[in-house]
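Got a structure here, written out as structure tokens. Questions coming.
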Amino acid sequence: MTDRNFSSDNVTPACDAVMAALNAANHGAVPSYGNDEWSVRLKALVGEIFEKPVSVFAVTTGTAANSLALSQLAPPFGAIYCYEAAHIVTDECGAPEFFTGGAKLIGLPAADGKIRPQQVEHAVASAIEMGVHHVKPAAISITQATEWGTVYDLSELAAIGAVARQRGLAVHMDGARFANAVAHLGCTPAEATWRRGVDVLSLGATKNGALCAEAVVFFDAARADAFERRVKRAGHLWSKQRFLSAQLLAYLEHGLWLKNAQHANTMATSLAVGLQGVAGARLLHPVEANEIFIALPETKVAALEAEQFKFYRWPVGDAGSGVSIRLVTSYSTTQDQVNDFLAAAAR
Amino acid sequence: MTDRNFSSDNVTPACDAVMAALNAANHGAVPSYGNDEWSVRLKALVGEIFEKPVSVFAVTTGTAANSLALSQLAPPFGAIYCYEAAHIVTDECGAPEFFTGGAKLIGLPAADGKIRPQQVEHAVASAIEMGVHHVKPAAISITQATEWGTVYDLSELAAIGAVARQRGLAVHMDGARFANAVAHLGCTPAEATWRRGVDVLSLGATKNGALCAEAVVFFDAARADAFERRVKRAGHLWSKQRFLSAQLLAYLEHGLWLKNAQHANTMATSLAVGLQGVAGARLLHPVEANEIFIALPETKVAALEAEQFKFYRWPVGDAGSGVSIRLVTSYSTTQDQVNDFLAAAAR
Amino acid sequence: MTDRNFSSDNVTPACDAVMAALNAANHGAVPSYGNDEWSVRLKALVGEIFEKPVSVFAVTTGTAANSLALSQLAPPFGAIYCYEAAHIVTDECGAPEFFTGGAKLIGLPAADGKIRPQQVEHAVASAIEMGVHHVKPAAISITQATEWGTVYDLSELAAIGAVARQRGLAVHMDGARFANAVAHLGCTPAEATWRRGVDVLSLGATKNGALCAEAVVFFDAARADAFERRVKRAGHLWSKQRFLSAQLLAYLEHGLWLKNAQHANTMATSLAVGLQGVAGARLLHPVEANEIFIALPETKVAALEAEQFKFYRWPVGDAGSGVSIRLVTSYSTTQDQVNDFLAAAAR
Amino acid sequence: MTDRNFSSDNVTPACDAVMAALNAANHGAVPSYGNDEWSVRLKALVGEIFEKPVSVFAVTTGTAANSLALSQLAPPFGAIYCYEAAHIVTDECGAPEFFTGGAKLIGLPAADGKIRPQQVEHAVASAIEMGVHHVKPAAISITQATEWGTVYDLSELAAIGAVARQRGLAVHMDGARFANAVAHLGCTPAEATWRRGVDVLSLGATKNGALCAEAVVFFDAARADAFERRVKRAGHLWSKQRFLSAQLLAYLEHGLWLKNAQHANTMATSLAVGLQGVAGARLLHPVEANEIFIALPETKVAALEAEQFKFYRWPVGDAGSGVSIRLVTSYSTTQDQVNDFLAAAAR
């Protein structure tokens, strides 16, 4: 039987190229703590991909990448503006507060997961008026692709960048699914980041083919000052760091990351298109990356569950008489798996 | 040419069994965040090895393991008694202070790296006298094997455990080289830990054959309450946690960890014995694990460096007219490598 | 001219009895750090007032009282449920996050400033479902009287207490204006707190007649374990602590605190009643303590400002075509001042 | 009977001028949170006294002043070099670690309480060699007058300032007894601080005549950026801040602070000179401020205690066959009290 797990892109194995790279790196004595050739090559490669000299720090998890990045951008008494249901707000067990020493995430409402510059502007103006009694405006954090599988387009990004510049805020992008967003946008990585005002990117790889690798990318080296000590004191500097860098190298070389993401996006679109033919189905968000939020009749959902399909019932709030569920595709999802799901949904 | 790197046991690759396990785990969709079969088996296996139900948390680095453990044992206003040059004091960039929210490491002098119960007793008595103005006695942390390659024997451990019980302190063991210590002691893991009063162990694997795996082991599950949230918010819970658990499983199964450690210890002894024949050589600490601290004439040290042998000049303070160096062996060190070094040293 | 400042109850001087007590305490050598007779008497007096043995810690500011209290109730990875615009959320510059080591304030909407048990219940259920990825439900914090000058009645308090008990949460009450609330409720302090499930009270005095004194009151001494060290390490233990305790003694003795609060409430009511006669005026919240939120025509507001009356324009959101302002009365507000304002408003 | 308490200068009342100022400030409605005329005048006055524009923040306790200052000078991953038994290390319950978010106090030995530049130089060099694994050199903190009642002379201060400049470290001075030090040195406050390289001063007043007032003085306003938010979020910004500023104004105006300190010093000298005539007495440190550390025969000490003299037995380590005690004088100590003690000691 085909694998029927659409619960998340983090239930996947590592892709072959990444695993091969890991095995290839496993020979001989190699300098520890990042003083190895893989780590050096990684920095160069990320610079090439983003068309700019960068500072790159490979870490193990997205939570670490996000929280470390934010701790560099906001003081303990700082405000970080973000979507009120962003991953950093709801799914990281307070990691940003821990790493920043207590900075405050100011959650802004956003039906499609995309915050608007006016919201930030309003919040900053209010903060300034309150003065010392309120946390100090410091940063914006956006998720790309968003928690709802939507993608900020280039003009939306530019607008966020503009308000940030105007108000002296740094911009962080949680790119756990950055590859999916870039594949959707069809632009260069540079166009989707620093050319639109992004200062620091959490570049995800784990969901898209790595075992355990993310990278914090600073587009201005000056912003990365002493960052390596934040990594170290959080226990996120590996002694055998080559094994982390090697994963990212394989992931980023030869465009593998975008190929994987494009595939996941295509599978998601295929699934979404097919599901829209099901009676009572209603897409809750545009499918722009590799996540589908869709309302289906309760009986349909229960039937799919009974057939061992794995996915989350995911309250979105406007599922009407149906049940809203989340389906996630990945680099390893096959058209057969999609067809299998669609066939079951049609039954 | 044989590899000539004796600088650390963390420059080694992962051992074959660990790498094979990683490859074997790389198939299919697997529940994320530790809800996988590897993680379940790991807990059972560690319980067997320690002859006791335990709580086990696999993490990526020794710094993470130590700091997470300490954050569970000491409040932000607590005192942690340890050797003044312990790894947690000097080599983790303030990680224990970060994770505990500011607890204080009270460093105690110890020529051989082993703190004595009387020192702890004295420090606690003084703290109590100072009352609210001083941090509250909370925990003891010992390193086994120590930073100087020595090993607490069972009676020394028992004495530390006794003062801890008497004063209501928890005992943490930094076991980055725990396997080497157990191999030296020739006792069971239980005898070397909770039977002597150790409450929490940082069980190292990376230096002894893993890629990036350590485990925090609580010998009393009650002490581990909510610990999983500390792990998560520090960014140390992998989404593909199976890859962490699989390493530790392979490492611990069939006694591989002790076999590896025994080999490393044997190589260290061989090296130490051979070096004592060198004119002007003087061992600075007993060689009880896989580290050698030895004073050699400057000309000898320079000659070895010129021949591309890698090791650290490591100030110990009593090297006399010579230079003190550190040599580290590992599971992957061969007798040929040792002989190669000894031959060079004899030249 | 009469004083025309209605901007806040914290612009007031200390009341005579408090100042007299301070002067009286200023003689001779007195043991430091709270080992003085005033501090001992304070503890006894608070116990009498609340009809229960209590642990009492006098501190300098409301922010300190709130944040210290919360740090005792919630772990760094904990969730604290409160009103989304509570003082602890918006006006303490992240102090709760600082003192707790990063706990998260989960803001709940509440038009009248009073959160409902169902909201807490819903949030806790959702948190539990998210498991380790979300902060751990730990405490509820309510403000009494609220930020909008309303007061939780006894059944509302009981309902909060009930959901807390059911879910294992601690209840904190920010009582910066607790005296005003009790004066309004006409009940005993015990009935308004621990008899309804409140575990810890920030008992305000500064706004109601002290110079700089608040108290953290634990109704269960076991909850206060080691709290004195939190106070000390936050720099909130005075060496000449008698001067802090003496203020609170004078404030609480002979019912002065309630007399002061009753007066402030009466003045607020008088002002509110009078203002309702002004054309275009509309009360935005019931006046149950010493704060008035009222919408007035812009021309009226501007005219009052032009006459040097001091108050804040305070956006409430439903001021219609007018301007919403906040007026605060205090123990020192006189009927003349109220009449003066009303006369001006009537012009 | 004369007061016989020589236990500390913090058992004293506030001096008359300070208390009068407090009473005088207690009238009318005054803008809160430091927007009052006292606070404005305070800033100007401190600038005059130090012959330089300064940033001044009045806070309640010395622990708050020190910890807030250090949190501005050292990042969470920073090293602060200080005397190993400095007040900030042993007597503030980990406050510096709390406020800095976990920076490490690197304690240096110093028989007379004065650290030497060579010690700092050595520690910094070692830290740099350890790189990312060790905390980052950030600041030096010295206590003036020291914990042993000695005083850094101007050349010693200059030498500390020089190594700080060379190594890019900030210099903090814990001046809980700064007035006593300046009185001893006979120089201007400027000469004893920024002219010798001090960047931030904790200027004590409580021990020398205030109720509860200290000031953090930045000699370079740029260093104080956003400091007001650190004060606020620590709960150290008073709503009725005038009462804090008024104390400091009275304390600093008309040279009262130096007059008070000079008197305390004179009393200490008188006591020390007299005690040296007692058989078996031996001064353990030069008496340069208002503290005396002296070894006396056990029978003598017990006899003084029996006569209700209050002082601490204070282990110094070299009391020989006697007992070491600490005696502290203050602005309120009288010659009669000194004579009373000396007479008893002579009996």
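Each chain gets a letter, A, B, C and D, in the order it is written, and its residues are counted from 1.
Simple rule for what comes next: a contact is a pair of C-beta atoms (placed from the backbone, for glycine too) under 8 Å apart; a residue touches a chain by one contact, two chains touch by 3 or more.
If you're wondering where the values come from, they're calculated on a predicted model, not measured in any experiment.
Note that among the pairs B-C, A-C or A-B, A-C reproduces the B-D interface, with over half of its contact pairs the same by residue number.
Comparing the CA-atom centres of all chains against that of chain D, the greatest distance is found for A. Centre to centre, using the average C-alpha position, chain A and chain C are separated by 41 Å.
Distance from the chain C centre to the chain D centre is 35 Å, each centre being the mean of its Cα atoms. For the pair chain A and chain D, the distance between C-alpha centroids works out to 50 Å. In chain C, the residues touching two or more other chains are 76-77, 92-94, 98, 101-102, 132-133, 135, 229, 232-233, 237. Chain D makes touch with chain B in their complex at residues 76-77, 90-94, 97-98, 100-104, 130, 132-135.
Of all residues in chain C, only 33, 75-77, 101-102, 132-133, 135-136, 226, 228-230, 232-233, 237 touch chain B in the complex they form.
Per the touch definition, chain B reaches chain A in the complex via residues 3, 5, 7-8, 10-14, 19, 22-23, 25-32, 59-65, 67-68, 92-95, 98, 206-207, 211-212, 229, 232-240, 243-244, 310.
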